[in-house]
C-alpha cells in the first residue's frame, strides 16, 4: 500500500475520492490517503511515515525539498483564496485589491478570524498582511486555531472577516451552513497552488519508489489533470489543473 | 392502662410477596421493657425495623404516642430522633470508635466538647473506656457490638430497640449490659428487646411477646 | 497422646504493632471438640483465622499434622481445603442459598447433581430444607447464620472451626446444631469452637482452652 | 521518537518558564474542567445515589441507559450544544458560543452520565446497612445520603476523578463550542490538537506533560480531601 | 438546530440503510474498541484487584498516580504510540502504523488506567470478608479473586463500560495512529470529525446516533452477562 498524506481541502472537497480510485484502477496500487493538513502532512513525511505528500504551502515545500526530506516536487493544481466577510460588509472592502482591503480591515479594527495554525492558508494570510504592510495587533484580530471549515463556521457566528480557500468555502456555502460573502477574490496575489512530491527515498528506505512515482505521474499526467479539470462541487469547478488540458 | 407508646393495627409487611409480618393488634407500653421472642425468621427484626420507622408497613397503621406518623420530612426525622435501633448485625462506620459513638450527637447539633464527654461516658458504660481513637471496623466482634450499643446509649433515646444485643458479648459484658438495660426504664426509656438468650430476656422484661411466622403466638 | 493436629509454638500476631495473640505452646488433638473461651478481644477470632490458614503469624510456627505449612500456592490450597472456618460474622455471597452452600463443592470440582444433593442435605441438617432458591443476603439473621453453617458442613471438612456458631440461632436450632456438632468427631472431624455460650460449649467440648489478652490463661 | 524525549524535556521547561500564554491555557483548562465536574456532580451524585439506593421498576433499564451514555461521543455533545447556542439556535440570544461558559456546559453534559453511572455502581457495591444506620441515629435523608457517600468515599472520589479526566482530556466538545480562540478559549487539549495539526509533535507532547502535572496536583489535593473526610 | 433533528432522523435511516461503508465503520469501531477494552482489562482488572485487596507502603501514592493517569490526553497517547510505531521509531519494523492494530494498542493504553482505577475503587468499597470466605471454602487465590469480582460485578461492569465508552468515543489517538483512512481505519469518531470538518453536521450527528445505538446493544449484551454471572 501507498500512504498519501494530504491537505484537508483536497480530501474534504471529494476530489481525492475520485482521483485515487481512478489511479488504483489503472495501476492496481492501493493508496491510503489521510487528510491531515499541510503542517502535519509534512511532519509525518519527515518521519518517513508517508510515501507521497499533497500540500499547498510553496515556501515550506521548497524548504522541505531543500532540506532533503522530499524529492520530485511537481505542481498539481491551483485554485484561489478568497477574503470573506459578513454580507453587510461593514468595513467596505468588497471588490478592492487585496492589500487595500486588508489595510481597510486594520483601520476599521474589524473583527478578523485567522486560522492561526501552520496551514497553507495561514501562511498565505501572513504573507498577505506582510505585503500590505499591516500589523495584526488590534483586539478584533483573533486566532481560531482550527481547520478551515470550522473557521468558516466560527467567522460566520462571530460576524468576522476571514481568508479561506475557495474549495472549502464553496462547499460550506453549498450546504447552506454559512452566510459569509465572497468579498475579494480572483486576483493573482490570491492564487493557491497545490503540489505533490515524493518522500525522499534516500532518507526513508521504506518509501515505495516505483508506486509513488506512478502516482505522481498519474496525478500530473493527462488522465489525472483531466479528472481535476472536470471535478465539480455544487456545479462549480474547484480546482484548475497545473497543466491545462486540451478539451 | 395509660396511652401505649406504640400501637400496631393490622400491620402487614411482605417481602417479594411473602408475608413476613402480620400483626392484627399489638401495643407497647411506655417506660417498660418488652421482650420479643420467636424462632428464626419469625419477623422479629422486621417488627423492630417498623418500630424504628425504617421500614413502612405495606398495610395497616402504626401509632406512636397515639398519633399517626408523618410519611417523610423533618417531622419524621424528629420522631426518629426519639427512637434508636441497635441492629442485629450493627454497621459501624469506617471511622474511629469516637466518631461512631458521637455521630448521632453531631447530627443533633451538640457541641464538640459535650459530644466528646457523652461519647466517653457511653463507651465507659459498655466497658470500652479508651477505645475512642481506634478504627471501629478493626475491632473484635464483641467490641464492635459494644460500640454499637454505646452509640445508641449516647443518644439517651426515648425508645431503645435492641436486636440480639447479647450476641458476641462475653459473659461479664453481658451481665454489665443487662444492668444498664434494667436501669433504663427509671430514666424514662422504653426498651424493646429481641433476644434468643431467653433467660436473660425474661429476667429483664416486664412483658414477653412471642412471634411465630410473622404473627403473634397465642 | 497421639500426634496433635495443630501445634502452635511461640505464635505471635500483632495488629498495628499491638499484640493480639501470643501463644507459647498449644496443641489441638485430632478427632476432638475443643472449646476456646475468653473475654471480648482476647484473640479467639485471631487464633481461628490463623488455624484456618487465613492469617499468617508474625512470629512462631504453626504445625499441621506435625508438618510445616507451605507459604502459598497449590499446596496451601490443598491444606486449606481440609479446614473450614465459619466466621463470627459470616459473609454470604450475593447469590442464592443453594449457590452459597454448593460453592465450596464446585471449587472441588464436584459434579452438579452431586453438589445439589449434598447442598440439600446440609441445608436440611440446619433446618433450612427448601431455602435453596432464596437470595442469601435477604434472609433473617438466624437464617443467614444457618446457611453459613450448612455451607461448611457440606464440605465435610477434616477440621471445622466455629466462631460463635450459636449467635442468632433460636433455641431449637441451637439444640439441633449442638447435636450435629456432637456427632462430628465420630466422623473423624476435629472441631474447634469459640463461644460465649459457656454451658453449651462445655457440654460439647472434651477440652476447654481459655484465652486472655492474647495469652493462654493458667 | 526524538519528539517524545524532546517533548517531555520541553514540557518540564514549559512548566518552569512561567510563560503567561501557557499558564493562561493551564488556568483556563483547570477552571473549565473543574467547573464542569462540579456542575455535573451536583446533579450526578444525588442521582446516582437515588438510583443506587432504591429499588423500582425500570431500574435495570436506567442503568443500561447510563452505561450507554458513557459512549456519548464528545463531538456529538459539542454539536448539540453548538446547535443550541448558535445564533440560529434557540439559545443564540445568550451569546455564549465560543466562550468558556459554553465549554463548561458541554463538558458538564459529558461528565454527567459518567459520574452518575460510577456513583451508582459505588453505592450498589456498598454495604446496604449504611443508610439505615445513619437514619436510626437521627440523620435526615440528606445526612444519610452523605453518610453513604462518606462510606463509599474512595469510589466516589474515583468517580469524580474519572469525570475530571474525561473532561480535561476531551477535545471534541471543547473545540466545537469553545472555538480554540487564542488567549480566550484555548485549553490544553485544543492547543495540543493545534500543535499536532501543525506538525509540532514535540510541543504537543510538552503540553500533554504539563497537563499531566496539573492533573497530578489536582489529584493530590483531592487525596488530601479524602484523608480528611472523616 | 435543524441539523440536530435532521441528524437524528438521518442516523436512524443510516441504521436501516445497511450501507456497507457505514456498517464497515461500525464494525471496525466495535472491533477496535472491544479488543482494546479486553486487552486493557486483562491487565487492569487483576492489577486493580491486587492493589485494592492488599495493604502495602506506597499504596496511596499508587492510587493517586492511577487517578492522575485518567487525565492522560488521548492525543498524547496517540503521539507516544505514533512515536513508537513510526518508521523511525523503535517498533517501526512491525509496520503497524496506520493499521487497526495500532489503534487497538493506543486505545488499550487509554483504557488501562481507567479500568484499573475503577476496579480498585470497586474492590475497596466491597465488604472485606469476601476473599477470606472464598479461601476458607477452598478457593485458590485466583478463584478468590474471581469471587471478589463476582461480588463487585456491578461496579466491575461499570468500570468496563466506562473503559469502553472512553475508547469508542475518543478520536485523538485513533486518528493519530490510525490515520482515518477510508475503508480501512475510519471509525465512528474519526468519521464524525471528518464530517463536521466538512461542515456536514447532520451527517456527524447521524453517525453519532448510530454509535449510540451500537453502544446500547453492547451494554444490553453486557447486562445480560451480568444477570447470568451468578
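In order of appearance the chains are A, B, C, D and E, and numbering begins at 1 in each one.
Going forward, a contact is a pair of C-beta atoms (placed from the backbone, for glycine too) under 8 Å apart; a residue touches a chain by one contact, two chains touch by 3 or more.
Treat the numbers as computed from the prediction; the structure is a model and nothing was measured.
For the pair chain D and chain E, chains touching both partners: A.
Looking at chain B and chain C, no chain is in contact with each of them. Greatest Cα centroid separation from chain D: this falls to C. Centre-to-centre separation of chain A and chain C, using mean CA positions: 78 Å.
Rounded to a whole number, the gap between the C-alpha centres of chain A and chain D is 36 angstrom. Spacing of chain B relative to chain D, judged by their CA centroids, is 43 angstrom. Looking at chain C, one finds that residues 89 touch two or more other chains. For chain E, residues that reach two or more other chains under the stated contact definition are 82, 86, 88, 127, 151, 196, 201. Residue numbers of chain A whose C-beta contacts span two or more other chains: 36, 147, 150.
Shown are all chain pairs that touch, namely A-D, A-E, B-C, B-D, C-E, D-E. Residues of chain E that touch chain D in their complex: 1, 3-4, 7, 60, 63-65, 67-76, 79-80, 82-84, 86, 88-90, 114, 117-118, 120-122, 124-127, 151-152, 154-155, 157-159, 161-162, 164-166, 168-169, 171-172, 176, 188-189, 192-193, 196, 201, 204-205, 208-209, 211-212, 214-216, 218-220, 222-223. Against chain B, the residues of chain C that register as touching in their complex are 15, 38-41, 44-45, 88-89, 138-143, 146, 163-164, 167-174, 196, 198. Only residues 86-87, 97-98, 175-176, 179-182, 184, 186, 190-191, 194, 196-201 of chain D touch chain A when the two sit together in their complex.
Touching chain E in their complex are the following residues of chain A: 3, 8, 12, 17, 32-36, 47-49, 147, 149-150, 152-153, 171-172, 175, 177-178, 204, 206. Chain A makes touch with chain D in their complex at residues 36-37, 39-44, 46, 116-119, 142-147, 150, 154, 157-158.
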